[in-house]
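Read from first to last, the chains carry the letters A, B and C; within each, the first residue is number 1.
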Amino acid sequence: MVWSGHDVVNVLDFNREDLELLFSKADDMRKQLKENHVRKILSDKIIGLAFFEPSTRTRMSFETAAKRLGAETVGFTGEEGTSVAKGESFADTIKMLDSYVDAIVLRHKYEGAALFAADVAEHPIINGGDGRSHHPTQAFLDLYTTRTLFDRIDGLTFALVGDLKYSRTVSSLIFALSMFKPKEIILISPPQLGLREEIKLFALNHGLKLREEKDISVISDADVIYVTRIQKERFPDLQEYEKVRGSYKITKKLLETYAKKTAKVLHPLPRVDELSPDVDKTSYQGYFTQASLGVPLRMALLSLVLGGE
Amino acid sequence: MVWSGHDVVNVLDFNREDLELLFSKADDMRKQLKENHVRKILSDKIIGLAFFEPSTRTRMSFETAAKRLGAETVGFTGEEGTSVAKGESFADTIKMLDSYVDAIVLRHKYEGAALFAADVAEHPIINGGDGRSHHPTQAFLDLYTTRTLFDRIDGLTFALVGDLKYSRTVSSLIFALSMFKPKEIILISPPQLGLREEIKLFALNHGLKLREEKDISVISDADVIYVTRIQKERFPDLQEYEKVRGSYKITKKLLETYAKKTAKVLHPLPRVDELSPDVDKTSYQGYFTQASLGVPLRMALLSLVLGGE
Amino acid sequence: MVWSGHDVVNVLDFNREDLELLFSKADDMRKQLKENHVRKILSDKIIGLAFFEPSTRTRMSFETAAKRLGAETVGFTGEEGTSVAKGESFADTIKMLDSYVDAIVLRHKYEGAALFAADVAEHPIINGGDGRSHHPTQAFLDLYTTRTLFDRIDGLTFALVGDLKYSRTVSSLIFALSMFKPKEIILISPPQLGLREEIKLFALNHGLKLREEKDISVISDADVIYVTRIQKERFPDLQEYEKVRGSYKITKKLLETYAKKTAKVLHPLPRVDELSPDVDKTSYQGYFTQASLGVPLRMALLSLVLGGE
């Protein structure tokens, strides 16, 4: 089994078969959660949480997943008050934690931090997001949500909306989609936030059909409308930001005007104002489903990586 | 059973019978703690701790209570480093946590936050203090401590001393006392920190006998002397604060001069200098008893709300 | 048994026999960890973590140790966001936590904080480092590492290198060594960071042979080379710091030039640049072993203090 004892650093270290196994394991976890009787198969395990960069959702869903399975967690959030603040090297911090725990979930602002940690540590490193390219468990979750909502991934059209340049969830999703056969990926972003060339190149080399658009009305072709936050900090000019922000806002009205009736909106959350709360009660809402699947998906991942049964 | 699966937002959502049940459950929990053998009836549960405002005592007593019963906790303290700092709405944060856990203990500086959360969440919301009116589990604890120390609540005289205006423990206690038949409630505060009109009105409408006093010597009539912190920030004039602070300080000497021999001092803690440490070793001390009952009382609450047996 | 229910405030509250028991218990814990089957003998216990001063290594190793044995933890790190920030006294904070949990691990910047806490609390206080003299569990770990690496402590020569004045691990280690029969203790430090007179006096009164040196080449006589961080803040003159820092840096080359082939370098970690990473892959490296023994040593300590079997 590819998962057992392995690092989870990059989506591309896995193949379609691995992901199918993960998804079917996640189905099993959902069943156990629903029946209110989760087998505590990781009750001898301790998971280290090394969040050099803060996170609510990723941290808490991993922590919940671990604890549902009977595991414990130890760790830190932010560098303040840790040895890092005293000048300890990243490698030493990881080595220390590695000598205490059975696996480490890591988040870091720098690209490659998880790969480096995996090299240093003997226990599995699970990348909870590093730099601007990799957030593998988010991508697994995005595909698992799609599979749950549509019963398939192949043949669907994905519209990726918003900041496609700096968002690690977007690049990770494209890596993950390369193992499946989506019909098309529509990229909808302001020009200054378009998908990076190396990711485009990757997509084309892997047979993904990309289409770049500026106008939001092209969501009409999409099954999955995947929205990301546009961060103010990316814009030197505040006026420019205000303009862009208005043009890419997903609202109930916009969806009713343009989107297919069966389309679903996903969003890695947190959202600010790129996705209107008036979508919450429509049939387009897929993002709360997505959030709630974070725990069973990560339970499946931890159970596969840490064995246990 | 009214407790099972219900939100605990406001003292007034419960009646005397509900509280008697809670108190007798708390007695049972104290017995289990004393015998060092607590039944882990919540071992399948995870409690979310959403402390938007920091807290030591409420957070740690809930956390201890949950863990004594075999439950686990996940959560955050302070908004820094959470999605709230990224601009996420309160509703979205609650929805996310709600999709992970089995109940949420919430603290927030804004009035009504717990009620709003209860509306948004499917799982029970337990108000760990919001705004300046509601802190139901503190009020339950205050009454449970009284019942433990005096074997009754009815017929006792309560003196409430200090900041009666901004303290949510004071208003919550008055709401809770309205379900019982105290002899009298004496309000002792500097004029600028008197009980708010709406709380007074509530008390009168519910048959509570209030008496407002400025002089601390009237504690002579009280069985329970309930002291709260007077916060410097409430006073624009520092001299005024210094004067007030001196006049309402509870000391051993003051108690020996004025109080009944059987009187007990309660305080939600932390105290600063409104309650002298020289009271700690006298028979008047009830506040450490009160603090130590926080865990069994909250164990009782969690076990009633989350079922389990 | 001296350990059961006792405070662990000062190394000197224990004797050689007590430490031998601790070490043999730690051997047993290592065996349980290695076999991946730790008996959860503390599953009814909750350990309070009162870290008034931040810590990564001590906190996380205690937390891991507790959780490996089935115990739970509650607590805080840093004073911010706790009642201490509201002006609560140290004694009240300890009393509160003491009424919730079964033992408290404490870290504080002030000398004597742990002793004071032990006086206030009914449950055992375990000193996780207070002031500049005491860090007993680090000293136990240092000796346990020595015993693991050399199969004995008696007869060995220890070189203590770096800041011997302000380091609480150095003074605690000297206290602990006084129960054994090391051949010699060589003190190597810049003049302004020499061992404090009262610790020297203690050592001499307890039959320890001390030798003070300035030149790092004298590590040639040592079996254990114990390195500590030299903190920039100790030097009013930055140039002076830069000079000192260079002279006491332990590198692969330095060790190969001067040290015995069988010598081992220990370091309480975190290190900054007083110990070069090029030592990591040499036979001199003992500090990662030391770090990894922190968990079984603290498991042994908790199991002895909290009973359980």
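Operating definition for what follows: contacts are C-beta pairs under 8 Å (C-beta built on N, C-alpha and C of every residue); 3 or more make two chains touch, one makes a residue touch a chain.
Computed from a predicted structure; not experimentally measured.
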Copy-to-copy rotation for chain A and chain B - C-alpha atoms, rounded to a multiple of 5°: 120
Self-contact between copies chain B and chain C, residue sets same or different by half: different
Inter-chain centre distance, chain B versus chain C - centres from mean C-alpha coordinates, in Å: 40
Numbers and ranges of chain B residues touching at least 2 other chains: none
Touching residues (chain side chain A, partner chain B) in the complex: 36-38, 54, 56-57, 60-61, 63-64, 67-68, 77-78, 229, 269-272, 277, 288, 291-292, 294-295
Contact set on chain B toward chain A in their complex: 44, 46, 72, 74-76, 80-89, 91-93, 95-97, 99-101
